[in-house]
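The following blocks contain the structures, represented as structure tokens.
The same chain A turns up in both complexes below, where it pairs with chain B and then with chain C.
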Partner chain A sequence: MSSRSFLERSLASFVAIIEQAIVAEEFARRDGFLQKLDPRVKLGGFLALIFVSVATHNLAIVAATFFLATALAFFSEISLSALALRAWLPVALFTGVIAMPALFLTPGPALIRAPMITANGLRAATFLIGRAETAATCALILVLSTKWPHLLHALRALRLPRAVIVVLGMTQRYIFFLLRAAQDLFAARRSRIIAPLDGRTRRHLAAANAGVLISRSLDLSGEVYAAMQARGFRGEIHTLEALRMRPNDWLALTLFLAVAVTLFWVGGH
Partner chain B sequence: MFDLNEVSFRYPDAAALCGVTLSIAARQRIALLGANGSGKSTLLRLLDGLAFAESGTITFNGKCLTSAQFEEEAFAFDFRRRVALVFQNPDVQLFNPTVFDELAFAPLQLRWPNDEIRARIADLLQTMGLAHLAERAPHRLSEGEKKRVALASVMITQPDVLLLDEPTASLDPRSRNFMIEYLLDCRGRRTVITATHDLHILEEIADYCFVLHEGRLVAAGAPNELLADEKLLRETGLVHAHRHRHEGGVVHSHPHDHHSPSGAHRHS
Partner chain C sequence: MHIPDGYLSPSTCAVMYGGALPFWTFAARRLRQSVGSRLVPLLSVFAAFSFVVMMFNLPLPGGTTGHAVGMGIGAIVLGPWAAMLAISIALLIQALFFGDGGITAYGANCFNMAIVGSLVSYGIYRAFAGHSPLTAPRRVFAAGCAGYVAINVSALLAAIEFGIQPLLFHDAAGAPLYAPYPLRIAIPAMLVGHLTFAGIAELIISAGVVAWLQRAEPALLARSAPNAVVTLGKATASGRESLRRLWVALAALMILTPLGLLAAGTAWGEWSAKQFQDPANRRAIAAASFQTEVPSRAPAGLEKLSTLWTAPFPAYAPPFLKSASLGYILSAVLGTGLIIAACLGFGWGARLLAARF
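Coming up: the complex of A and B.
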């Protein structure tokens, strides 16, 4: 693997993250079902669905919750490819690695003899992946369908501490700047490399760059916070659209909770 | 408006300001002159209440700028509305998803009515020629556009005091002219304090200057007086001597302003 291709891949992934964040704002601006709801309703509703998927011991309920969330995304003009790329695929990969040993190690009646896979193992692995996929899908739909300041506002309404809100707000705000700094750093490095590097030198350079980035990110976070303070930021989130519960929001909240309670009750019996 | 008395400030690894004493009256246009690292930006931060003097005092309309004072919500709101800072690096200042959101940020923090915020944004976008950028992501704009949006994002609150850190740095001539025109337009209407080392804009943007060198206030005066003091400019790193070989092999040294193309000398 050449040092050039490594750097180019790093740059490309940074750019992709930036682009994804921009697209995420575009989803939140669309005229879909979820976008019309008060962010507090969405937050409460999706938290209820996540609770059901995690608490239930019925695989059908996990699947029902997953499909319900996906249907909500569909009616909110959030593309399934966005969900697949940002949640389904990464979660399947990461959770799959964690869940795989359960297939072979969980005691129970054998489904396949060689290699030995038990029914209980398959069930445990499916549960783990299903719950993780459902929770990630719910969380992603919530984030994609809600403007970031509105989401922070909703979290604050749920009495999340101000310090946590500030950290979340800062993270979103300076991530663009930090990524651009990283891009510049990699580009500058690439422009000064005139011959292929051996693996050890590449690793040494990568570690040194990571250190510089961490140090730079600390400086940047201070600068961005100062810029926010200079314009009156005192830890509270304010939005141009005042959060107001309308009849549709109450109806949606009731439906969300009714569905969650029903799924939980059916799953428990 | 601002009174500084023996103000000192240091960063963990170096002193930034040492015993600075000065006064700035309302509606004055002030330039803080100095080479890189002279303490200009630090002084702007102290004036904006983003950092606080380690020793000495800074008062704004008679009230001492301390961290305890900014804990008081009424004071903080009033101060943030009346004093605005445009950072040297607009990327630091532009952290919202769109230009519209960027302009809405400060008024929202100051809890203005939403209708008034929308009206002011629409007005300012038109005035500053930014209407076509309203829904654009700030980090995707050109450097000149970013600076203009950064300026608009603080002008939305119509501050009495405008603090500018190197407003013309890295701008093309068109954006630079826009910035200078805007600052000229502020004359007599608000206090403008500009940190710069660009001597060629000095007479247009300032009525009075303070010269900083290694954290100390070393001179003060009208722009034309300071520009005539070649020794001072050279000692403070605002110009430096260039050696040129003239026809006939004679070597001369000339003062040379590093930061503007028009500062270059032509020799036949």
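Coming up: the complex of A and C.
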């Protein structure tokens, strides 16, 4: 592996994160079914669906939850290709690799003799992949249909302390600030490399970049604190409670919960 | 390492949330006392740093790359309580906005990586670094060990959580409902990857960042080193004084070693195979063992293994010396010399490791 590819891989990771955030913001601005709902309704609804997909002991219920979530994405102008690229494919690859040996290693009656695949193994692997795909799809649709600040605000509905919500909001902003700083560090270094670096120098470079970033982070936290104090911050946390539930939101929440309870009940748990 | 949704049962997830909650509460309370209203910006920025550092592609020996969690760095720079909250926040952003790690498994991920990872790395770093100066190579070694061990302990916990799933949650036909592999498969499968790639990535980032901070901003290492000597000059002076006293004490102990000859008989349990055959020795063994009957001959294992290795200085008495006292002193000098040589070798290895990172 050349030193360039190590730097480029890191740069690609940073760009991918920024790109994901931009794409999410773009989907969240569309005029679809989910985008019109109060973020608290979506948060509650999708958390309920994720819980159903994880808790049920019935594969048909996992499949039904998956298709329901996909249908909601379809009516919310969230493209299936976005779901496939960001959830279905990565989960299939990651969990698929993990689940594959279960086909052969799980004891039980044989389904296929050569190679020996057991019925229990197939069921276990399907459960694992099905649950992971469904939960990841629900989480992704929630993020793609909701602006980040709104989603953070909706977390208040889960009775998370105000301080946590404020920290989450600030963290989200500083992630992009530090990503940009890291991107600049790596890009500056890459532009000055004219010969391949040996392994030791590459490791030294990565650690130095992390060190610079940690130092900047702590400086930044001091500056942010000074700025907060200058604006009157004395430790009390206040947030704007601008969200208002409309009749449509109540209806959607009722539907979400009714569907989740029904699926849970039909599934036998 | 980030456990996705669907791998752990809801009850396991609930237990893990329950396990993490007291740590979060205690950490928040403790930090509020120590940093007050600075807590919010400190946690926010450091959580953002934790998130970004997880994106770093670290070059590993052998030409491949890996990602680190940064649990070692967080605990060393901020202390374990701030690190566990900052990493928990970073994990929540990852789970919620980037689908990395599950929402139901968030408690488990936080418990494994943020809580246990921070505490283990902090404990190991403090234990290995001791009271050494902030710029000592020993701290780089300690940081590397802290990161490496912490991520492996976290991986072991995750493996145990996976491994108990098929035991506890399966359908009527025996098909596992969650992570399908038992402990005997889950533990080695998780640890192989973490003892090699992920562990080395964590070691590189922990040791590397500490080495960089020692050169650029050693003050940032002071939080996790309350007893370290900060000023290099003072450290050297006080270190020399301590070392001189140590040498004097060591020399005195060496001279006093023949005192061991004053003790009668053999130390209990250190009998040789031959002593079991001698009636006088057998009586002495019985007397020292509450008159327990001594076997007529030495145990077979002792007889067999005692011939495997013959010490160059048996009973601290080199065969070429007639004086037992001189033999004792010579053994003490030689033994101490070997230990000092081993320590110097260890220190040289640590410095070499520090220089490499």
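Assume the second predicted complex is superposed on the first by the 214 of 269 C-alpha atoms of A that agree within 3 Å, B and C clash if a C-alpha of one lies under 4 Å from a C-alpha of the other, contacts with A are read in each partner's own complex, and residues count from 1 in each chain.
The rule we apply is simple: a contact is a pair of C-beta atoms (placed from the backbone, for glycine too) under 8 Å apart; a residue touches a chain by one contact, two chains touch by 3 or more.
Computed from a predicted structure; not experimentally measured.
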{"item": "Chain B versus chain C as contact partner of A:Ala87, first or second or both or neither", "value": "second"}
{"item": "Touching partner for A:Gly232 - first (chain B), second (chain C), both, neither", "value": "first"}
{"item": "Which superposed partner A:Arg202 touches (first chain B, second chain C, both, neither)", "value": "second"}
{"item": "Contact breadth on chain A, by residue count: chain C or chain B", "value": "C"}
{"item": "Chain B versus chain C as contact partner of A:Ile214, first or second or both or neither", "value": "second"}
{"item": "Which of chain B and chain C A:Val54 touches, first, second, both or neither", "value": "second"}
{"item": "Which of chain B and chain C A:Glu25 touches, first, second, both or neither", "value": "first"}
{"item": "Which superposed partner A:Arg131 touches (first chain B, second chain C, both, neither)", "value": "second"}
{"item": "First, second, both or neither for A:Ala188, with chain B first and chain C second", "value": "neither"}
{"item": "Contacts of A:Met116 with chain B and chain C, given as first, second, both or neither", "value": "neither"}
{"item": "Chain B and chain C footprints on chain A, overlapping residues", "value": "148, 173-174, 177, 220, 224, 228-229, 233-234"}
{"item": "Touching residues on chain B, where the partner in the complex is chain A", "value": "45, 48, 50, 73, 76-77, 80-81, 84-85, 87, 89, 91-93, 95-98, 101, 104-106, 108-111, 114, 117-118, 137, 139, 153-154"}
{"item": "In the complex, chain C residues that touch chain A", "value": "4-7, 9-10, 13, 28, 36-49, 51-53, 55-59, 61, 63-65, 70, 73, 77, 89-90, 92-93, 95-99, 102-104, 166, 171, 173-181, 185, 204-205, 207-209, 211-213, 216-217, 220, 356-357"}
{"item": "In the complex with chain B, residue positions of chain A that touch it", "value": "18, 22, 25, 147-149, 173-174, 176-177, 180, 220, 223-224, 226-234, 236, 238-242"}
{"item": "Touching residues (chain side chain A, partner chain C) in the complex", "value": "1, 3, 6, 9-10, 13-14, 17, 20-21, 24, 47, 50-51, 53-55, 57, 86-87, 90-91, 94-95, 99, 101-102, 105-108, 119-121, 123-125, 127-128, 130-132, 134-136, 139-140, 143, 148, 151, 163-164, 166-168, 170-175, 177-179, 182, 199-200, 202-204, 206-215, 217-218, 220-222, 224-225, 228-229, 233-235, 237"}
